[in-house]
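Next come the structures, one after another.
Here chain A shows up in two complexes: once beside chain B, once beside chain C.
Here is the complex of A and B:
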């Protein structure tokens, strides 16, 4: 019940229409919307990566934003402080994020639930604090701005297409991971760790691998954040951002595949358009979040999946009659 | 002894006292957080916002009473009550329906509460910096270790242990305190013997939150009262509670001392990275003792 099989029914048609729209978008929409779409794509990769560990892995990954920040800072530093070719930065970003994820995860997976989350917050805050204060290297609380990008990514339309391709590749990769034996084992561990350990699954190694994969994708998102915004700042690693990513997953639906994308899209558009009308955008977000927790804990996609399943069962019941 | 050595030793003594007095504020706030974690098992992110509200209310009350000494003492008394009232409303209207949910949902719920309270503070008080003057009795400084220490810091040094002892007596010697501790250990058993656990939870939540308000009022003369206080304190107190042992009040004390002292000695030795030291201390403690220094009630 929990995962939607998005190959069935009308979803392929819907997906093709959506993809066609996104490919044609730069021709018809003004540049501002193309920028917003790019932000949504990057945020979607980030939210999907968090959903792998929290939704499918059941781990309390409280400070996912740090890995996003590490990816972004690695690229920014390689582009601004070294003479290395840019593609090195694009590879080093995700790899560094995954390395940090492995290192932090190594300590965290020994602990259970809330302690896992708290240790991660403290290790993450340590990285945040160093970034925030190390003016000589990271620019401190100002961050680094006006980063020069290689030619292929210059111009908003070109970077839009590159990010769209990256998003598609990430989606396919994550989908494969969810459907793989590893993904199934991960969900089994989430639902019953004791039993999994009893049948001989190495619980911690699976959880650690999930963290490494998720932080790698967070690093990918971070790298392309730099492509979209051309700047980095320590707020990327602040714990508030990490909780906002969690809200995206909650909004879209924890246990669905495409939920986090929808959540990211809703959050980014809300922030952009509510921010125009009011400076109290976090108040609106808070109220939405409370309503969500009370009335729609499954998230939007989870709710839709539930409805579809119910209708399917009804149809089957009618056939039997 | 040479003059430079004397100066160095007095600087160490000075930072030691400043660190401990900072730790006392952290203790008051994190003891409240720890109490809520212990009894309700709720990681309450809104705790920092309540601390901020406590500081703002303290500022409002001292200016209302003309900025004099009486105003401050009233503020110290009334800020926790105002915060208690806010938390009572939040608990009865929203929180009490959610106790059965998993931790992640509760965490996100309190995050929502934090966002809302933060913006409400912005609406009511604006984004200005405010300062509260300490009462006349506590202004100025005295010389300890041949360097001046503000009297207010010494006052904080006294307040911390008083509050710790009061909390200890409350939770170990009074009926309601014992019930709250029992509910922390086994809520089903407590409700089975005919105690209304829902109200015990409400009471524990309000008590913990009012400690955040008290902490905000206590800190108000030493810092500038402004938005963003909530973000800074909440992560610190969370880490303090974790390294101390969830729900353990003395653990909160130990954690606060570690945090306050590492921070203040960080300022002495490497000012630029002073905020990094407490986090390093926390990481070391958690790697060495993953479940906290003292016994957790979980």
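Here is the complex of A and C:
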């Protein structure tokens, strides 16, 4: 396990510094940056959840945004249309997303690869269309705006800390899943589903569970999207957003654990800061993607991991001499 | 133990397996031989459920396993290796075998415990048995061809099978690697009392280790018998098998 040990030496230090910075950030940075950080955190949860099924599960989860949207809409509707206490919405959001994930997944896992993706896009677009048209309930293409939040989440700084805690909890949970027997089995299924069946693994059941977990976390991200933006709109469920999440995973590195966080940070920053100068920030994204595919096919994090490993091997070789 | 009767499989009209019959008794090493395209691999795929037969019955330990999905057949006690190294390329050698041990012990759905606390000893002992102990950290995709084939067998052993099916275990191996693999197969059969069914082109290997041999040709079983019987028959069948 040496390959893992060398990372253990460095990452905790890096993580502690990063965490300390993030805790102190609201004291030193202007509110706008705190807001951007919150957006990055929420997007990071979303990208991480997708990567569980795409990067580690090898599934063609093409329409992940739908589950993000379901989480967000569930909370928004409970807060605006019912008298239920707010915490119900925060639990119902992820649960509804996971239920939808289970239902759609039930059909999708019966199909292989690309067909899985196509069916998911169709079923997901169906949900988008309903949301887009059902003015009485969802506000249609206007969405729902100015959602009132409970006191603990009012104010950018407060919600920032809450979301930081939620992100940490999600990361710990996802990391445990990644390292668990289920996580390893999932990666084995990604590498070779046929062989997995031959060693007695019920491939579909594992894929379905992975989808349920991933859509649950997408729901968590959706719920906290509402906290950050105080609004929901059908674009959350549009396939373009699903593609963006996919790009975040690719950008950060499919096969690394923390890559999607980096991918999310890059995408959100790009959209925010390049978006200030030009409406066509996606052009810049396109160029970055082309360069990425040619030069860093394993993503940014995959590239860093590879470099670190090489240096470690070099150091080791020197020791041997 | 295993009984295949009149198995049939056609691919768009091409009869890959057309009336193959086979029996394997407990503790035996049985070889399947035949020219390329005789249907050996297809027959194995029918037994282990990768393919569904169009006809015939397959029974294992008295139970009908015809058309069962492969993960269930595996749980009945049949494990197999593949002709083309069929491993988990991005996982370490250790994890490759651990996955099948986890499956055997029904722990794949465990979500929150670290997998480093699961069956480390068992996995290490299988790797040691297969001669891969010192490579356990390597990424499986970076192994040499011979080691991949050994890993294939190690993955199958993780299932603690009662019947082990090996599809051309020594294909593409150097003579030394072949010798290692053969001694591994023999050792498994002797020390664990494992029943083994394999197919192979190398006649020295076939006649060196097997108790009985089944000869296939164009999807049919020509003969199944002891090596001597087959050898005598083989003179007659030289046309089919080519000059060995």
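Basically, the second predicted complex is superposed on the first by the 314 of 321 C-alpha atoms of A that agree within 3 Å, B and C clash if a C-alpha of one lies under 4 Å from a C-alpha of the other, contacts with A are read in each partner's own complex, and residues count from 1 in each chain.
We take it that a residue touches a chain if its C-beta (ideal position, glycine included) is under 8 Å from a C-beta of that chain, and two chains touch if they have at least 3 such contacts.
On a predicted model such as this, the values are computed, not experimentally measured, just so you know.
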Field: Room on chain A for both chain B and chain C (clash or fit)
entry: fit
Query: For A:54, is the partner it touches chain B (first), chain C (second), both, or none of the two (neither)?
result: first
Query: Is A:68 contacted by the first partner chain B, the second partner chain C, both or neither?
result: neither
Query: Given the touch rule stated above, what does A:192 touch, chain B (first), chain C (second), both, or neither?
result: second
- prompt: So which one touches more of the residues on chain A, chain B or chain C?
  reply: B
Statement: After superposition on A, vertex chain A (C-alpha centre) with arms to chain B and chain C, in degrees to the nearest 10, comes to 80
Query: Counting only touches as set out at the top, which of chain B and chain C does A:110 meet: first, second, both, neither?
result: first
Message: In the overlaid three-chain picture, which partner chain does A:201 touch, first (chain B) or second (chain C), both, or neither?
response: second
- prompt: Is A:294 contacted by the first partner chain B, the second partner chain C, both or neither?
  reply: first
Message: Looking at A:179, would you say it contacts chain B, chain C, both, or neither? Reply first, second, both or neither.
response: second
Query: What is the contact status of A:125 with respect to chain B (first) and chain C (second): first, second, both, or neither?
result: first
- request: Enter the shortest inter-chain Cα distance between chain B and chain C once the structures share a common frame, rounded to whole Å.
  value: 14
Residues of chain A at both interfaces, chain B in one complex, chain C in the other: none
Message: Show me the residue ranges of chain C that touch chain A in the complex, using the header's touch definition.
response: 48-50, 69-72, 74-75, 79-80, 82, 86-92, 95-96, 98-100, 102-104, 107-116, 118, 137, 155-156, 158-159
- prompt: Which part of chain B faces chain A closely enough to touch in the complex?
  reply: 43, 45, 94, 97-98, 101, 103-105, 107-109, 111-116, 118-120, 122-123, 231, 235, 238-239, 242, 246, 272-273, 275-276, 279-280, 282-283, 286-287, 290-291, 298
- prompt: Which residues, counting only chain A, touch chain C once they are in their complex?
  reply: 1-3, 176-177, 179-185, 187-188, 190-192, 194-203, 205-206, 209, 213, 255
Residues of chain A defined as touching chain B within the complex: 54, 60, 62, 107, 110-111, 113-115, 118-119, 121-123, 125-126, 129-130, 132-135, 238-240, 243, 246-247, 250, 279-280, 282-283, 285-287, 289-290, 293-294, 297
